[in-house]
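We call the chains A, B and C, going by the order they appear; numbering starts again at 1 in every chain.
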């Protein structure tokens, strides 16, 4: 690896995390270039969500480093990391239930537009924030539900809103944790299309179980098993990787192959 | 059979922003404030109105924490009380000529005091959230209440601190000696503070505060430090709480520690803000009115008023956690779709049977209280104009019978009501969906 | 010193019940000390009817039953609204219990006395007598602690409870009646509070204000010890119990201390109102000062585990 660290958007260096005596992440290494779309796959319990939590600052790592655009973010608080350009969505839909769709999105843009903790200006007068929220709403195709309370949306709509909030702040590195969980086939296909559109040009990491999604969306796949990244390569190479086929459900990859991806 | 139909979010009447309606509501509010003492002219009414005035400010400031921020505080009286104390000391100093502050600005002094203490104590308080936050506020509330006896110079010991609000020259001919003048001072502050706090809900900080209430973890991931947000909101709430406290000091011209900074008082703010309705902006206004009515009128009516209050509160939390305001709003929505008339018979039935049941219960409660507290007066007591013998078995059987029949009939009415309500909600949802599809 | 420990153990009996309910159900039972009060009052009445020792068993059971009923009909309803309404409903209950107690037993202290076996000193140490009643408190508290720990870790019911705590849906899917478990746990916690009331009420005073006076200290104990940590509650209870008992006995103040060191202080000195406070005067606020200090320097509490 003779490349300069600063060309990587996100880097994990020998990341480790133990909860009590159990080591969940045992030395994970990853280097993602700017604009790359990476799918993180692996058996259940391999530590994928934990990785996300470590990167986004929900937990601090026991040891090792996480670098965002060459700067260390391990041990920082979530809001600090977010301000540095990383945003994430959650496996269980995490939106603001008592605010309307529009309000949800507007909240997402406020900090990045510099409005901070001000209480001396009215939201209705913040034209740039309102326009951006409107744009986002159209991007995720929820303009018709502008004033609906988020808690009254359908599941798929809520997931779309979640994505909307995640990209609202203009983060350059987006983490999506199982974005299509619980969706039907057709919903998933539409959703993937949406994700591709809205994350155009940004670095994307998603945790996914649906191999069809993975092969359709990702430039690179990172395979996580027992808290380590055992492979990080293009989908074709990963498919052919012996170690991966052993460790992971080989049948899942074979099925996807049979489907002609 | 679930009874959650009444509490599903979204089943409220939605205000449309910035229409004539809003202007109208605010003008009505101002008009009411101005005209009230002219309509209710007794001195008792004036006392009550004055109290309502500054309690509106206090309850609204409390709801900034509870309803808007999701922070349950058991120690709000600390900030209103300390605001009162600083204000009263300022008045005394001004009266002696040491501090040239005219009376009209004294509430602001109280506000600044409240804000200062919120800055100091709030840092520690807002370090945690949720249940822990509640307990910290309780601890700090007790801390300040206990400190009261340790510093008699500041807190005035058992007797409290007194003052005279008529000091210095008159302000354009107004001395603030007569109660009516104090009322109008309170009314002006009430209107301004209410408007200010309402405006706050439409600012970035106000909205992010709502987001923190809804989902604190998510807020971190949109770039905000939730602790900071809570801290700032706490300070602003402290400011308005102090203003309310300052007005109280002016109104009563005496402040005692045992009354003003006690946990009991904090509990009162909590109870009535919740009863009025924490989920709507105007809920605490209703709560303030209820507070004054309960503490002034109800307490005169019956010795059992705290018991009734506790029961009402308990039932509210269980069946209508949005308070009186939510009940109003739900019915407004039904009215908007023209279906309120269909519910009227149900409501009448509920009211009637409920009243009967309550009469029975109240009778038994009153008799018990009478036996306990007024034993020296003998077993005879008056209840709603009739004389009852509290020791006679007949009285107990009678009221028990009334209670049981009332309850039985109420339950019947309730089932019917719930059915009707559910059907109406479905019809409304249907109409909304139709509207959306267009 | 032993007085402090026995007081601390009483605090622990109460705070452990609170911690257990909080860990199990995420509910902070504001009315916990109200059940304590009920225990004392029930025992008072029952002692008059059947004597102290039967009352020792019956009163906690009664209180536990009431707690279980409350959980079933009130708390469970509110559970779906979130943690704040849960806290509020227990808050409302505490109000109610206070009123009812005052209604039934009056507003002044009741003469809930010690039975003959517990009167008098157990032993004399350095001229101070250590009363039997306090040692009884210590005994009961330790027994209770032991039996609860055994119950939770060794018996099947205990395992079910622990499972229900971590994964309620899974435990229910496996066929255990989780709502019933919650009801049992809540009732059990209240029964413990009631037991504390039975033995605390006759050593200390039995009056309507007893719930409120010990209530806020219990919450301080739980926060200082760390939410959800039994061991932390134990430590904090002892600490606060001992410190408070000691402090009440000390009549020195900063002023007298300074004077002993040869520094002259008088009414003119800056900060006199603070300096002249004796430690015994400050005693009531010590637990709360503790709270504030812990929150500044160690926000997780002494041994905190559960973050909410």
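A few notes on this one:
Here is the rule we go by: a residue touches a chain if its C-beta (ideal position, glycine included) is under 8 Å from a C-beta of that chain, and two chains touch if they have at least 3 such contacts.
These figures come from a predicted structure and were not determined experimentally.
Farthest chain from chain C (centres taken as the mean of C-alpha atoms): A. When chain centres are taken as C-alpha averages, the shortest distance to the whole-protein C-alpha average belongs to B. Centres computed as Cα averages put chain A at a distance of 44 Å from chain B. Chain centres here are Cα means. That of chain B falls 30 Å from that of chain C.
Note for the complex: chain A touches chain B at residues 56, 77-79, 82-83, 87-88, 90, 94-99, 103, 106-108, 110-112, 115-124, 126, 144, 147-149, 151-152, 165-166, 168-169. Looking at the complex, you find that chain B touches chain A at residues 9-10, 14, 17-18, 199-200, 202-208, 210-211, 213-215, 217-226, 228-229, 232, 236, 436.
Residues of chain B that touch chain C in their complex: 4, 7, 66, 70, 72, 124, 127-132, 134-136, 138-140, 142-143, 146-147, 149-151, 153-154, 263, 267, 270-271, 274, 304, 306-307, 309-311, 313-314, 317-318, 321, 368-369, 372. Residues of chain C that touch chain B in their complex: 22, 28, 74, 77-78, 80-81, 83-85, 87-89, 91-93, 95-96, 99-100, 103-104, 106, 212, 216, 219-220, 222-223, 227, 273, 277, 281-282, 284-285, 287-289, 291-292, 295-296, 299, 308.
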